[in-house]
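Structure record follows, encoded as structure tokens.
The first chain written gets the first letter, and so on, giving A, B, C, D and E; residue counts start at 1 in each chain.
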Amino acid sequence: MSTPLLYALAGVGLCLLGLYGLIVYAHLLRKILALNIMGSGVFLILVALARRSGDSPDPVPHAMVITGIVVAVSATALALVLLVRFSAATGRNQLDDDEHSP
Amino acid sequence: MIEASGTPLPWIVWVILLPLIGAMLCFLWPRQGKTLGLLTALATLLAVIALYFQLLDGGVIRYAVGGWGAPLGIALYADGLSMLMLLMSALVGVGVSLYALGYFKHSPDNPAGFWPLWLLMWTGLNGLFVAGDIFNLYVTLELLGLSAVALVALAASRDALGGAMRYLFVSLLGSLCYLIGVALLYHAYGTVDIALLGTLVERNPATHVALGLMVVAMLLKSALFPLHFWLPPAHASAPAPVSALLSALVVKASFYLLLRLWFDVFSTVSMDLGMVLGVLGAAAIVWGSVLALRQTRLKLLVAYSTVAQLGYLFLPFALLSPLAWQGGVYFVLSHALAKAAMFMAAGNILAFGGHDRIADLDRVAQRLPITMTAFCLAGVSLMGLPPSGGFIAKWLLLDAALSHDQWGWAVMMMIGGLLAAAYVFKVVGFAFTQADAPHDAQPVSPFMEWSALALAVCAILLGLNAHYPLELLAIGGPVTFVSPSP
Amino acid sequence: MDSFFITVACLLLLTLMAGLWRVLRGPTAVDRMMAAQLFGTTAVAILLLLAEALGQPAMRNVALVFALLAVVTVMAFVHRAWPGDEPRHQQRGRHDDVE
Amino acid sequence: MWNSLSIVLIMIGMVFFIAGTLGLLRFPDVYTRLHALTKADNVGLGFLVAGLMLQADSLTTALLLLLIWVLVMLAGAGAGQLVAQAALQRQHPVAKSQDDGRGHD
Amino acid sequence: MGAAMTEAGLFLLDLLLVLTLLCLAWWSLAATDLFKGIVLFIAFGLVLALAWVRLDAPDVALAEAAIGAGLTGALLLTTLSKLASSIDNPPAKRSSPVLLWVLLVMLAAVLGYAIMSLPQQAQGLADTVASQMGNSGVEHPVTAVLLNFRGYDTLLEMAVLLLALIAAWSLAPRAATSCEMDEALTVSPIVLALFRMLIPLMILVAAYLLWVGAHAPGGAFQAGSVLAAAGVLALLCGKRLEGRLAGWPLRLGLVLGTAMFVAVAAAVMVGGAHLLQYPLASAGKLILLIEAAATFSIGLTLAMLFSGQRPSRGPAS
């Protein structure tokens, strides 16, 4: 198996792990970690496949991933602030599982 | 088609830059937030109108950012469809900005963040509507999603924080699914330019998987049944101007993106999914309406009504005729105006009585006549009664269904209309009567009342001037929008 | 020579995986944090070896960044996230009342 | 000649890394484990860097390697001190490790 | 024979790396103790940086290293300490129905199949970028893409970062009581002095990464993240922003990067050029100008996001 393929498939694996964690775990911090792992998986797919071009890899996906990392960091920071606020307001670290409020 | 060069002012750039600059100014001088925000809103409206005339004169606009052009650089692209979306956002945006002037004066919600966040959201919206590049769309999508989440959380109540949290997860999950699609398309075809992809895309596994993921991502973000679970808590608990923006514009942005992908990128690939989307849309109409009818809180009722109304947008995917697509796009416009007006009216009622329990609405109609008029006019459009915009939209959809003898869809639309009438009249009925527990009334700012009415009137006017939007839609629209489908 | 560097890098990666056991096992938070610290050093070593083996000088900058920033996480750990930090919980509670 | 010397140096560094990891795994309490860790940090990486410096093609590379080692050492020493001090202040038991406190309080 | 050995060794390394990555991701999610989960997540970031290096993406590796080692860990640990309760043992789970497993397996199969069906060789835009490098004003391809060819993406990305900060400030409670971290812990002055010594070094490295980005891996975001780490360390060492700087000077610093980007992007249009169409002669300088401003703002923004509250200017904020 070629290196790009190996890492791209690992990226798929990370995406699915992240998705599983996001759906299954209730604690919001775990969900945030799960989203980050899923994001890393997507980035891994993007960069791994860019290496198929031979000696010098395609720089465009690298730039996209750097943009993506900045966006991911921003989103994570926002999510963490929101989590702290939510936790302080409700005393809980998870969302109610029933979806319809009152 | 014109290659927009520098000499006539490139308004397509300014519709993105103006709100961004405004947002930075509002952040720098928070005390002048209102003035700066309103000025920016008006300036953006003017830029959108200028772009409209540019489009009328020269047809579809393609603008190469940095002068590179595809596939290396990023292209901006505006046709009739993008223009309608821009105009819709500008109209609703100015209305909501005026509304916010009054709203944040008395509300307990945190006003400091509203102006910069809303202007950044507008940047994301306009950027999304004129983007010609699927990766650039990802960035605008994130800008839009994160600002929407932050705006919901401004309300700072427990419900709002929970709703914002759920909304954030859904939004990020959707963006990541979309990004996987982008990765697959880029690595399959070596470009992220929409126009180029449209010519290159062929039937192969990568394309199909990308299509599937991107469609699911957009369905999630535009809350199509059964992926709607996040919408009511977020939309109902946000501050009223934010609810209006979310229901009117943000969900439409992902619907617009879906249309772009569907027609400009994946047009040559199978359209088998269309029937599925149509069925889900029909289910959304019934399910959303029934739940709306069962709500006891006004804002939740309006939010579930959004779930129902979004269902109509997906019927054209199954009807597959140009008439249906026109109806679908028309529905986007009329729902945006009507729903913004309705959420604003609901916000007025909430501010007036301090609560939004439908059963305890105490003679609101007599005491807030302007607001109640706005609510009723918006309701007329949602029900699809003439002469409203909603009527034209439903008429087009019905016409499309009946001309192909697809009675099932027509019946669904009728049922949806009746249910909409039921939940609107439920509110109106309680608004006229005296409640068991009469309550004190807080003053409601005239800005809030009149801006709600103005948007509601626009929703009605949309029905009287149907040919303008439809002609605009024809400019550079996808083939299926204007000529009969095979 | 290159294959030697790569072999050493593989071995180091194996020691890193072995160190994971301490993170998983604990028992205290300090143990976990220290194991993570060791991972940082191991990663620096692997990066330096690969930089030599693959002829990529830019990797040394990555190693430099790791070496430079390693203290930040430890400092954050010691200051903010020490478990069982009772005074901090009380203080936070009081802060909430103020809001 | 230089090659074999750097192989030897790197091997020695490697041994320290393995020893450090073993110490981390086997030693009974926080303080001794900390001790093991610092060995790997300082000495192991030191030998490894020395071995690599022999291979360096320019002076800047060699100096960069040296700088990295110094930084890791500083960080390791500072962090070790910090963690040990904090652990002492919070009275983490010496020698016999307690059960994980987090799960039960 | 040496080449074959190297190949085999590298393949082994790749396998180990991938395996470690997947294990770390899984353990970090499933950890009984959230603190453990965070530590494992930090380790995941470390190993991921190694993976970037193996994929010949040193720019991404630098970004991952800077953000992962400097900020993410600190941010997560701080958040954990602020939560109502940090105990989630055993992790609260929703039961995973068969449907979910079917979905995941299907998704894995479909995605894997799609990826394997892609051609083994693909140039992407590598050649196009290489042919236009001479017109970009810089010598490093990734910087050329980020700041020139696809500069508009980066402009919007700066807006996203600014957005995160505005959102965080609008959510954060006003800094009424300075609930800071120094209580009950005395750090020995030597350690403190040592760490404070590292701060200028970090700033120096940030400047170096910014400068080197024009012709080698590095650039504004990597430099900004290192700068942010310096800020975080300063905050942790007890340094605070001076009151007189906490008002509009701080705000100006935060928007500087985005504002400079917009200003340059729009200013080049005066001569009739397109948005972000730098004149070739000054492209390199303009890019450096944008990057310098962006580095400063990124560093400041990330450090402020870590601090978690808007610095107060005094009683009337």
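A few notes on this one:
We take it that a contact is a pair of C-beta atoms (placed from the backbone, for glycine too) under 8 Å apart; a residue touches a chain by one contact, two chains touch by 3 or more.
Keep in mind the model is a prediction, meaning the values are calculated, not measured.
If chain C is disregarded, contact among the remaining chains keeps them all in one piece.
Number of steps on the shortest path from chain B to chain C, with steps defined by chain touch: 2. When chain pairs are compared by contacting C-beta pairs, A-E ranks highest.
Farthest from chain C in terms of Cα centroid separation is B. Comparing the CA-atom centres of all chains against that of chain E, the greatest distance is found for B.
The centroid of the Cα atoms in chain A and the matching centroid in chain B are 27 Å apart.
Put simply, the C-alpha centre of chain A and that of chain C have 20 angstrom between them.
Each chain gets one centre point, the mean of its Cα atoms, and the points for chain C and chain D are 11 Å apart.
Separating the centre of chain A from that of chain D, both taken as means of CA atoms, is a distance of 31 Å.
In chain A, the positions touching at least two other chains are 15, 19, 45, 49-50, 52, 60-61, 64, 67, 71, 74-75, 78, 82-83, 85, 88, 90. Shown for chain E are the residues in touch with two or more other chains, namely 10, 33, 35, 54, 56, 71, 80, 82, 86, 111, 115, 118, 122-125, 129, 149-150, 153, 157, 160, 163-164, 167, 171, 173, 185, 187, 195, 198, 201. In chain C, 26, 29, 33, 35, 40, 64, 68, 70-71, 75, 78, 82-83, 99 are the positions where the chain touches two or more neighbouring chains simultaneously. Put simply, chain E touches chain C in their complex at residues 2, 5-6, 9-10, 12-13, 16-17, 20, 23-24, 27, 31, 33, 35-36, 39-40, 42-43, 46-47, 49-50, 53-54, 56, 58, 61-62, 65-66, 69-71, 73-74, 77-78, 80-82, 86, 173, 176-177, 179, 181-185, 187, 195, 198, 201-202, 205, 209, 212, 216-218, 222, 226, 229, 232-233, 236-237. Within the complex formed with chain E, the residues of chain D that make contact are 71, 74-75, 77-78, 81-82, 85-86, 89, 100, 102-103, 105.
Residues of chain E that touch chain A in their complex: 10-11, 14-15, 18, 21-22, 25-26, 28-30, 34, 37-38, 41, 44, 48, 51-52, 54-57, 59-60, 63-64, 67, 71-72, 75-76, 79-80, 82-85, 88, 91-94, 96, 100, 104, 107-108, 111-112, 115-116, 118-126, 129-130, 141-142, 144-146, 149-150, 153-154, 157, 160-161, 163-164, 167-168, 171-173, 219, 221, 298, 302, 305, 308. Chain A meets chain B in the complex at residues 15, 19, 22, 28, 31, 35, 38-39, 42, 45-46, 49-50, 52, 60-61, 64, 67-68, 71, 74-75, 78-79, 82-83, 85-86, 89-90, 95-96, 99-102. On the chain E side of its complex with chain D, the touching residues are 32-33, 35, 86-87, 89, 185-188, 190-191, 194-195, 198, 201.
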